[in-house]
Amino acid sequence: MTFDWSALDNARVFDLAQPMRRGMPQSPNHPPFQMSLVRRHGDYIRDDGSSAANEVIVTGGHVGTHVDALAHVSHRGRLHGDVDAFSVMSHEGFARLGIDGFTPYVGRCVLLDVARLHGVETLPPGYGITAEDLAEAEKATGTTVRSGDAVLVGSGWSRLWDRHDDFVGARDGVPGPDESAATWLVRAGVRLAGGETIAFEQIKPGAGHALLPVHRMFLVDHGINIVETMRLTELLDAGVTELILVLAPLNIVGATGAPARPLAVVTDR
Amino acid sequence: MTFDWSALDNARVFDLAQPMRRGMPQSPNHPPFQMSLVRRHGDYIRDDGSSAANEVIVTGGHVGTHVDALAHVSHRGRLHGDVDAFSVMSHEGFARLGIDGFTPYVGRCVLLDVARLHGVETLPPGYGITAEDLAEAEKATGTTVRSGDAVLVGSGWSRLWDRHDDFVGARDGVPGPDESAATWLVRAGVRLAGGETIAFEQIKPGAGHALLPVHRMFLVDHGINIVETMRLTELLDAGVTELILVLAPLNIVGATGAPARPLAVVTDR
Amino acid sequence: MTFDWSALDNARVFDLAQPMRRGMPQSPNHPPFQMSLVRRHGDYIRDDGSSAANEVIVTGGHVGTHVDALAHVSHRGRLHGDVDAFSVMSHEGFARLGIDGFTPYVGRCVLLDVARLHGVETLPPGYGITAEDLAEAEKATGTTVRSGDAVLVGSGWSRLWDRHDDFVGARDGVPGPDESAATWLVRAGVRLAGGETIAFEQIKPGAGHALLPVHRMFLVDHGINIVETMRLTELLDAGVTELILVLAPLNIVGATGAPARPLAVVTDR
Amino acid sequence: MTFDWSALDNARVFDLAQPMRRGMPQSPNHPPFQMSLVRRHGDYIRDDGSSAANEVIVTGGHVGTHVDALAHVSHRGRLHGDVDAFSVMSHEGFARLGIDGFTPYVGRCVLLDVARLHGVETLPPGYGITAEDLAEAEKATGTTVRSGDAVLVGSGWSRLWDRHDDFVGARDGVPGPDESAATWLVRAGVRLAGGETIAFEQIKPGAGHALLPVHRMFLVDHGINIVETMRLTELLDAGVTELILVLAPLNIVGATGAPARPLAVVTDR
């Protein structure tokens, strides 16, 4: 009975989720986020003078900071592990490979800050992050990505959250990993990978989400979950490179993804 | 640079959230949970043969496992800290005391298993958990609740999750803390308290949610957040009494509550 | 330029829709109706002192008074006209046979009051309306059903609207046409048929919607639209037997059904 | 028993509603329209080989073709008839002056085609329709607006429905009645007035919905309902000036507006 609670005393906790509100940046492919109060105080008053307020929320599984389940993407009708996509989807969602199949992750995570590597606060729109970028960013951390780790790739893009159109990047594009970077992560044996943009992909100016090769490589070919629209601002500013990532998306049975509020626990030694 | 990753190797992680699906038990006062696939694989196929599926989700801030924000309840028009409820609520939700004001909790938590204390798997419907119950359950843990801790109160009710009508308890009631138990928790200086039922209250047979005294004491009088509809089954079965609770509800700006997927991290020593 | 506006002066207009509100009776197979104010007066005040309120609505195509599109039901994978169901449905709904393919109906309608025929206000739960019932009710009207007409079948069930559980009839069933009655309507060449219950079917006690033979006959085999959950109370009380039915469901592209507010225009001669 | 059904034989029915689909033009102040299939054919197959598909719909009361209830707008906290706005609104919507208080309209309607008056298909963006425009357009009809009539004002704007950004007019504005035109309609004693744009107002380039004087005059001061986003294309093309308008919005209890599918019945004499 001697758990060392002092370990937590020295820990800093970083909130890695963007705040969710109507009008926030999100993909036009997904239901627009809405939150509306249903009951307000005073609408119904109990005998003791108390009153309760509540709300209705409309959202999507890929809205705000979220985790992509393996069922999110198929290739030629097959999901990861050669599962027939059509045989597992119904009004109940996905009977296999949905977000309910994702075990909450509490484990080692390495943050590869590619923006810092390039000496910028934010990578340029449309920039393709390469394998070389990741390898050099890893060197800069002084540690190494191990098999089974989570890896977050820092682009600084979360700094643009309040600039809606720039963040979405329909015109100018969005930075993200190209296929070489994705291959590097696959070879490193990562359990999951995350970033700050709506889609963990290089989106070239005006190209939209026409092709999403990294999604296919990760979700279909290699069974690697993707975390998107993370808020890494504070973590990048603090120069953190190694952390405990706590990632537990809502357990929505059969969904292709779900909102999450990931935390970074950082212990200075 | 010598973080002791082996600490995590010995840790067990328990998922404390109930799975979310259409038809799950929830309060009739809140929007019924819905998840529906919008796009299915094959609806739109990209040039490379890949296809993405997604969903729309309708829910409430108090649906499934969730955290109550202080703004959830008012008394005579005042929120916690004597804030005028009417001046802070609008189409944007609550400008103060909403769930976005809740700092994610990563810290010590004591589980007081009242069901075990009474030698039952599940407390009877309508049972009122008393201060004495909590004091005795605390003794049984071999540790003490400290100021600033989270406390979970075990009733075993999450075992009834798949028995919809019993879980909701409209007819027979639901076990929960009475005012003496709430006072005990307040005096112990807890930061937050959680349980397995839809409302952290004693609900007598047929009484419904006519009065919610514990909500008023916690949310309005003392600024203590409440976690509801938790899944404690595995934690209770394992006899865990002391744990790290990671509680990070969705950061829905201005909401009176939000779904969460709390985790328990338990380290055996 | 001599339209006889006096014709309208003598017309009575009956509202044939049930009011829509949270908690109203509806099928558990469809999304529960919700309406919540988003903005209330005072939330945002314009420079001239004016303020606008609005709402969010969540509903289904088969909620409240509504029209079933032909795409609603398939048999062995085929829709009406031997259309392959799978080839016409996607994230955009149905490319064929959706409710957008229903031309608003303004035309002759005969009301067959089977409750009156049996000397009751409301047919018993689970009662099967037969071809004989319809033939006798037709005789009682003094007119005949013609090819292309709309036919409404009166059961008096809309009188139970405020008795939620009785109206839904999960336990005791709901009256409706059996297959002989459906055949009678098909042979009469009706363009569409409507009734007061959630499903235009005989629902036996405890049987639920396990089989819906009339839906299959009408929607799949014969291309006859169905109107459900109509409010016929006033029309039945007035003893109306012949009317102009104005039926224009919301034009929701690709939907399998849509809410409507049908009107009866009755001219006394 | 001699209703003259031949009257209907000579009638033409015009559909005055725009089709509703995801992405259609609507005001950014209201919940974005969504329709998604929940069950598709094959998801659940009944014993007889039949299967039913259905959908979930998310929308607002002022989305698509719709009617504004008097409760939609307040001025200095008062609704029409000096009703205190705050005393009648709650989680149930409006207890007074909601759309459920609107009696379905079946009656005389005059169409004043201002676009035709100006010799254009579509009035210019931001154009202010004046009292003079309405007076001249009325003369051109050869008839007069009578007290209690409905009046539709033709701008030709519904022709732009498929040009999303032009239709919404955020940049260039939208044509609509100025205050002189609204006064003209008030003096004519109209029961309701309708148009093709999202808001029945003159919206100047870049001005947005900063002020809505016609709404205030009609809804608050004079109790005149407004119909918006109507599809008048076919009616304008046909040169119709006098018609029977059938206007029956969904009866959503307590809502500030509701979608409708208005019809024009035109009888050639």
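For clarity, chains are labelled A, B, C and D in written order, and residue numbers in each chain start from 1.
Definition applied: a contact is a pair of C-beta atoms (placed from the backbone, for glycine too) under 8 Å apart; a residue touches a chain by one contact, two chains touch by 3 or more.
No experiment lies behind these values; they were computed from the predicted model shown.
Residue numbering at the subunit C/subunit D interface overlaps substantially, since over half of the positions present are found in both copies. Taking each chain's centre as the mean of its CA atoms, D is the chain most distant from subunit B. Subunit D has its Cα centroid 45 Å from the Cα centroid of subunit B. Separation between the centroids of subunit C and subunit D, computed from CA atoms only, is 24 Å. Multi-chain contact residues, meaning those touching two or more other chains, occur in subunit A at positions 31, 34, 36-40, 56, 58, 91-92. Contact topology of the protein chains: fully connected, every pair of chains touching. Subunit B meets subunit C in the complex at residues 31-32, 34, 38-40, 43-44, 58, 90-91. Contact residues on subunit D toward subunit C in their complex (touch as defined above): 1-3, 5, 7-8, 11, 13, 15, 17-22, 29-31, 35-42, 46-62, 64, 71-77, 79, 85-86, 89, 91-94, 100, 104, 106-108, 142-143, 210-213, 215-216, 220, 242, 244, 246, 248-257, 259-263, 265, 267, 269.
On the subunit A side of its complex with subunit C, the touching residues are 34, 36-38, 40, 56, 58.
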